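In the two assemblies presented below, subunit A is common to both, partnered first by subunit B and then by subunit C.
Here is the complex of A and B:
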């Protein structure tokens, strides 16, 4: 059997621009990167809309109206931005330090389930109830990530398999608890009684951030968390050490960072943020736990984190744009005959375009140009001689 | 009750459906083990499978022949893997991200195509979609229990089992397999030894696309003749995970695939007893974690060293 233990399967860390680049090159690469991917993004989107016999400009108008057209629409935008930012934050914390946490989805589901249960079966004064539920949801997300972390630390089991397995387990476990335990199994006809937990008590409803819209306090919480992560990584010793673990492990070890301890902290922190996200979603939007509401949230968070290049402040912008597209796509479907799945396709096409290694392409092009110039000057010199 | 469960769990029909349910995983993992062994972190099985599900139905719908459906499925599988390869090997984008983007678009694209071509959402069902016919072997009839388990299956099932042996031989007894493994273990050393790394990665990627395409075709055209939104529903990830757990060894992967197939068969069989199906559906995933845990016990030396 080949000895593959030492090889790390996934390396998620985005390639940093090399330090020895000239300032001009750096600027050119950034411009090249964003203009190319934006142009490709716009062209792909226009093509997709045009293929459905609609006008792309009308579609953009629909998105604008659905996301900024009125206060309600703006509230919708913020509502969709909040979970994107939170899952993105969970992904950033993990991937910045080299932990491949693909189990965000499961952690969100478990957090949401705990929030749904505690919201139904307990009655506290309003603020206390919300805080209690959110803390419990956070803790449950954290506990759900303990198993992969322990397996990784003590038994060298690659975390990306275990976290992905835990997604499925979380999905089925919550389904089981909702359908079989809470609802008491199938009825006489063999049908499922409930697909979700009962609606939570009024005291656990998350208050609105903008009155009379769907934007709840989830929005400021999401912003606060991403700022907190930015602060942690930029200004604290702890954050510096965490970053070192991801960027240069040997250096970190030589520098006396307690690598194992930091690794565990990151894993748990990532799970905790994901759990909090689940709790907030249930308290703020759905007011009950639906089976499978967390589907795809993990992948979305990872993509958003990657577009933001693992930068917590950039995350807010990307998450906001994600919210705009999500809220706008529904309005677009209503106004123009374009299917809202188009927006999803275009979104992920942008992810694809922006993940291209532009630095390599630029440098190769530059090398070729230099070589050509050198050869030509050489030729001229030999001709003159 | 327990007696009933045990009787059903070891009944002939359970084993028969185990082999049928393991097939999509087998095709994908036998084609994909080279790609993973050559060091590509390829997560895009789910996308390839979903696309090939849809296009195999389309091919069968247009022509009325399952073989054209199979060709369509393989073709689209190769096409998607070429897109993945262009992104990851030519443009050097992060493989995991390229795969996530492909996976997330696959569901949307197939649903959109479904609306455009068939004009429905949810399920495509049409009598013009033709499945493979089961093959009946006369000589198996005298074999008793084997007859019940192995006879009267779609031709693809038999191909899948032959493929395991072929894949093993190719992996461990041919220069191709040797080079693929060499690239996976040490890319630079393989390059120094004169192996064209990119060429082998491309070959393995296209193999992965073609065979995962077959497994997508198997899902739709092995009897049910219809396409449902998000049809693989995690089978692609299971394929990738069984490759990773089997450490690229086709025989080990075969065992893991059988484990997944068996537990899926249990879900079908025990569902009739009105047992909680979710708990049974959890079995393979929990089993994987336990297998990995037992495997890891050997390496237990206090806190593991973290390497990048």
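Here is the complex of A and C:
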């Protein structure tokens, strides 16, 4: 928890060798890290497929076909990459600034719900309607994150707990509103559909990014947001202050940063991106709000952020790979008899592999090598003498 | 061969970090039952040597011998089992656990291999306490105890772990004069019972008082080994730094100007509504150094926090700076008004250890001075300012983007002081500016403070080192139990007289 280091006399972070890393080391560690995880990832995946008596190569072919095999397939990949990147972006904004926003899922749900409602009950010209809905979805995600932010700032309640609990509140609240208040409405076949809001008006459909595929304008939006976050943290005073507030509140306060304001901004920004993601998903893909559609989206975002090491540009790549796996796994299931959940298992194993302390392993290895080299050179010196 | 003359020998220890040679063939021999001090400037390699001894770092080469036998530690725990105990400057205790739990943690005695035998543990701790005459409340929660008490807990902890050699890293920097005497009694007691102490300190007077042997390190090498009766403070200091050091501030006639800061009726309560500062009045003129001396915990922290806007003073308090009421304004406005602050809590308010050196260097500067573009961080300007601090204050670092956590405590302190001193502030609030830094750098920072005052900067100096306050201040105030007492002008009262006020001996002569 972020507070611990602020307490004087009680510093627990151990002296880490990383202090002495050289530039070359950093690059090597990065290569070492991603190649090792990737190899482990492939091995684990192959093993899981093989255990289901199927050929891993066929499975990979299935994934390839489903993600790059045709324009439609590629569109599917992008379609899945967009929400992955957006939730990942929401996680990165928060985690980079030291805020543990585990409530992305709930914020996505609220954003999606608001989008679903506004899409049904309003009708504006197309562009205006979309903008109006997305702005409202963003704001609702933002407002949903105000509650944990206030609890944290003024009542010192850890956001770990509040954000997580707010997920349940969001999920069940939207479910309640859909089932009990809206009572479903009629779906395409004229039945009462209790699990979702009615289909939104055509004016609110998000236009395609690649025509005749499932890739909508969500894709460029996701990319833009990633770059905006990268820019924020790298070049702006605001980003600098956010980072300092997140890493050491006391330090930032003594330095004259408006900590209350900045802390709120982190929370709200993260919530806003999550809300936007919910809105985009509803307008772009489902065209209605389904109960529980946000389930796992928050956790996936956090996993993706973790793999990307909180780097907004890395996020785009990781999100894209996520999209490949998602789009591909469905095709794989159709082509070979491998359950698509297999891919999910491997995805999360990848998160585990990437979390290994590669830096420590590398440095220990290097330490040993240095020692050996030193001893050898001394031996030579004494031999010469 | 348990009959070696030395309980501990370190032979030809070499350790490099990249290009930096932290230990260059260091030899150290420690006799059993002695207090062996190791002194040296920041970055001289003392900490590295001790980290190798406790196996936090692995040496590139060299041997460690315990009682004449070569040993190879597997890890830090192994080192602890072999009888090497370390007491860190920042205590390694869990705040929310009891003293008892903290002591046994990791070294629990067990029944049937998996149940903690609390009774046996307690018996053992009680035996240690009575044998070495420590009196600690075993069931108290750590966060409720005073620093001096925590130090005793740390000592009992390493004794419980079976330490024969106890390393103390800057043990006195957090203690009051009385606490230091208590610690020294404990050390003498421990040595009398056959334990060996390795004592690391910057305070040469204390080193001379307590040591049997002194090893002096400089730039990763041992430069001298002396006996305390062979040398004096000045000689030690010059050996350490490699040149003559004057342990005397070069005080010049102050150029005192108009009143810059005036504090009236300042009353501050802590979060439990306990009054920590009572009705304090004082004024600082530009060009004046006002020093506040006092035993730690007398209310210094609350005065400073209130002055810098980190804590809201009670109703009726008034702080006027440069004709402007700043009683209730935020630290941000203090920065904008030209008030600098060197906090006592270095790793908390002073720096963000997780960030880089340059990010730490521009904190506050980015508000008071800003960049060419209001919204963007100008990397070039940030690096220039960082370089200025690094050069002028001799911060030893490899690159500006190094993490602050990688710097030694003394270097971090120099960075913090440099950051505040180089911002052309009108008023500087300085708490313990020389905590944990070596004599050479102390001399330098003292000179800087005097120079700034000469340029017309008002300085409020709060220090737990009475000597520092007496050397630098034009006006001396003494804080005792939240109230401020007059300590005279520079040189007016003797150390003993001020010491008496610090302990409340002059409470009626306000």
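The criterion applied here is as follows: the second predicted complex is superposed on the first by the 326 of 385 C-alpha atoms of A that agree within 3 Å, B and C clash if a C-alpha of one lies under 4 Å from a C-alpha of the other, contacts with A are read in each partner's own complex, and residues count from 1 in each chain.
Simple rule for what comes next: a contact is a pair of C-beta atoms (placed from the backbone, for glycine too) under 8 Å apart; a residue touches a chain by one contact, two chains touch by 3 or more.
Quick caveat: nothing in here was measured; it's all calculated off a predicted structure.
K.L.:
Is the number of subunit A residues in contact higher for subunit B or for subunit C?
P.N.:
Of subunit B and subunit C, more residues of subunit A lie in contact with B.
K.L.:
Let me test your reading of the model: by the given contact rule, A:255 touches which partner, first (subunit B), second (subunit C), both or neither?
P.N.:
After superposing on A, A:255 lies in contact with subunit C but is clear of subunit B.
K.L.:
Taking the superposition on A as described, I'd like to know which of subunit B and subunit C A:240 touches: first, second, both or neither.
P.N.:
A:240: touches subunit C, not subunit B.
K.L.:
Return first, second, both or neither, reflecting whether A:334 touches subunit B, subunit C, both chains, or no partner chain.
P.N.:
The answer is neither, since A:334 touches no partner chain.
K.L.:
Between subunit B and subunit C, whom does A:27 touch in the aligned arrangement: first, second, both, or neither?
P.N.:
Neither partner.
K.L.:
Just checking: does A:367 make contact with subunit B only, subunit C only, both, or neither of them? Give me first, second, both or neither.
P.N.:
A:367 contacts subunit C only, not subunit B.
K.L.:
Starting from the residues of subunit A touching subunit B, keep only those that also touch subunit C in the other complex, and list them.
P.N.:
The answer is residues 5-12, 14 of subunit A.
K.L.:
Of all residues in subunit C, which touch subunit A in the complex?
P.N.:
14, 16-18, 20, 51, 56-61, 90-93, 95, 147, 150, 174, 308, 310, 330-336, 341, 343, 345-355, 359, 362-364, 366-368, 371, 374-377, 402-403, 405-406
K.L.:
Give every residue of subunit A touching subunit B within the complex, in rising order.
P.N.:
It comes out as residues 1-12, 14, 52, 98, 147, 151-158, 161-162, 164-166, 168-169, 172-173, 175-176, 179-180, 185-186, 190, 245, 249, 259-260, 263, 296, 299-300, 302-303, 306, 339, 341-342, 344-345, 348-349, 351-352, 355-357, 360-361.
K.L.:
Write out the stretch or stretches of subunit A touching subunit C in their complex.
P.N.:
Touch residues, subunit A against subunit C: 5-20, 22, 235-241, 243-244, 247-248, 250-258, 367, 370-371, 374-375, 378.
K.L.:
Using the touch definition up top, name the residues of subunit B that touch subunit A in the complex.
P.N.:
37, 39, 41, 87, 91-98, 100-105, 108-109, 111-112, 115-116, 181, 184-185, 234, 237, 241, 244-245, 247-249, 274, 276, 278-279, 281-282, 285-286, 288-289, 292-293, 295-297, 299-300, 302-304, 306-308
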